[in-house]
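Letters A, B, C and D mark the chains as written, and numbering starts fresh at 1 in each.
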């Protein structure tokens, strides 16, 4: 795979992992190593299972870049403040912007997200913006200066995969920044499909951390992302209604 | 991945390739190597693009086991005769049984297939039976002594993927022999899904040989099969209607 | 809707109802009337909820033609015998042929079904053949002289709808006799889709009889079949990737 | 069907038609009559095929209520002005709010739509708001005082049906105002599904006006909406993995 460039960062892995949902630090470590990830997101306002600062030390030890996120924020103001605290504490200008509208859907609030994105870009952050799969909003977030736009496949934690591949294709076809499929991934074929649709990377958390065997699922996701990336570039065969023999009669 | 045992044969790759549709021998060689396949099927009655016996020499050189197939046969009698000629000429008791009902669908003829399977098993062949996705016929073929049952995802050459995952799940849930997804694969996520549904392996030809870049698509399929195999074993998260946060509020 | 001709029978309703699953005769009567059906199938070997001969009297009173079926039979011989007993007792040469392979899937046994069809046609029956959605077997049943071929949408009682629309389209595109979608219908849109795919009629039982409100669901199915029939003939608009304004700018 | 109440308006038909795309006034008239619609939307800024004021006279003659729309507007300001001109000219306070972000997708601009909705509600309009299928924005539009929220199934004119049924279900499950499926409908089963998902009505234009036979497709859509409405209320059977006989063995 080619390196993925987001802002000034270069990644050879196209799988971004979230730490939420892991049973403990040992499980998380094995999963992160298996995934091959080089970028991992941690909620600044949530108590991850592993608790305290252990997860930050773990990422440092594994030499995985930290992508702080603002999950749990409800307004632009909260998200901006959370991002600023994260930058100060963690010495990174990377921020995954998440502004959730409510607890039942955890869907992004489109207006607060856009407003926060504008303010964070103006404040010098490299913004990864979590968004719904609306092609209009995706373009607005790119125009606002986001380094990556991260449409969901389905609501967080549902494992429903990519509910609307057509929207992801529309987003990709008009984007100039990397599109990262974020949220909704349930299993490996979802990740493969995301890459085949043209996404530049996949972000997932509980699909790995809450699988029966997180380490093995992390390995699966690593291969799945690679498979989809390669397939996208290989130029698939067209779909046909009638059969076609693979070789003509002798 | 664990080794796949079919009859008396042991395979560490779960990707079986068909040679039909390759532009020439060089392209085919690169694709086969990239795929990591250890078992490749060649039509005894079809003129493969590469012509003549070149493909057989190629497989020998690459140390890939040959799985002759009876594509192009319309009756049990034709298929049995073709299999016997293949065994004699190629010194293998492996046979991929294909009895096509007609040229427009290339769908297997269920009655002729079952009859041919019974006769070939009685004649000492290790039979890989290409079949539709009917769970009843799949069980009959297993009972007839086939070493592997190979339901289609969609008609040959359509690239439509797995049209009926429910049937594949029904087949897998009752099978005691390996189920190999055969025909219909269009891109990597199709192969990943096949393995997630519980198939033991995937067989494909033109999805690789007719891709814009066959070598790259072969690499993609290799990763895709691995991803699906690992994900199946890793125990995916359940699907939910409402969202669920990956970590509880702090 | 045009009349539907099956064998020598003419039907103005394209909704065929099965009586199985009804809570009692009153519920069944209201559902049958609401459905507008003119042809209703009764299992000769099963104890319908309404018990005894009540259902036959009900059909007579409602002037609904009876289509006896062989549900519960496991072999061609059983099915032929059941059909002959039905003809004698009920004075109809109509028979819905069902040979179930096993209890968990209730899927039709393809070989026994085909053999029974041949024998019943030779014996003068007007045969409605319940079959899987295999386009090859559908054609064989037509060639055997069946008056109608009845592929399933999904296994009986699953309510999964039409699992493989592609197969139904393949069957319809090659058929010269009416294709009736049988089994798997769960709700109205499934019936509409069946007709849009080109089926001539829809047969369903528990989608109506086990709905919370069977009479209302019967009305829904009546409209659903009509909607799909009309839409098929109306020539739908093509699908597009990009939007298209309904009217040009002024 | 129960009457549908939107704002102060009562409708016995749950099919709202758009006039765009009709070949001429005669075709449009036959389609409108066949559809049974009582509410029809006309673009204030677009040249409908029928031209000039003919369509308005036609609606008056057929006693169909007019729902002016703001299609073609790009900003909240344009939409508000267009709505005000429509109110003055047509003596109706109904307005279908559409603010399209661009010509290729014709997707609604979420921010401009919400702003326009707030201003129109404050100005005394009964607002039908065309929106994407984002459950968060749908709730915001309801909170802004819209009388009906109209999520799309797919982009205008694509005929792709309902790309994301999960989102429509999420929207319906939290709504207190009628949800009207708007845009994307291609054929009858799409309309049936919309109603089964819990929508209160369906709005469509070119699925009827550009069908090969618009009058017949209008009839189909009328039945399709009725079917879906009835089925929703009838309480469908659950989906099962394994089969279930409709009646127990005798």
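Just so we're on the same page, contacts are C-beta pairs under 8 Å (C-beta built on N, C-alpha and C of every residue); 3 or more make two chains touch, one makes a residue touch a chain.
Which chain is which protein? Per UniProt: A, B, C, D = Thiazole synthase.
Predicted model only: the values in this text are computed from it and were never measured.
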Greatest centre-to-centre gap (Cα means) from subunit B (Thiazole synthase) is with chain D
Copies subunit B (Thiazole synthase) and subunit C (Thiazole synthase) touch; is their interface built from the same residue numbers (over half shared) or different ones?
same
Would you mind pulling out the distance in Å between where the CA atoms of subunit B (Thiazole synthase) average out and where those of subunit D (Thiazole synthase) do?
47
Taking the mean of the C-alpha atoms as each chain's centre, how many Å separate subunit A (Thiazole synthase) from subunit D (Thiazole synthase)?
34
So, what's the distance in Å between the C-alpha centres of subunit B (Thiazole synthase) and subunit A (Thiazole synthase)?
33
Numbers and ranges of subunit B (Thiazole synthase) residues touching at least 2 other chains
105, 107, 155, 160, 166, 241
Can you tell me which positions in subunit D (Thiazole synthase) touch subunit C (Thiazole synthase) when the two form their complex?
18-21, 43, 45-49, 71-72, 103-107, 155-160, 186-189, 191-193, 196, 205-207, 209-214, 216-217, 219-224, 226-231, 233-250
Over in the complex, which subunit B (Thiazole synthase) residues touch subunit C (Thiazole synthase)? Could you list them?
101-102, 105, 107-111, 114, 132-137, 139-140, 154-155, 160, 163-164, 166-167, 170
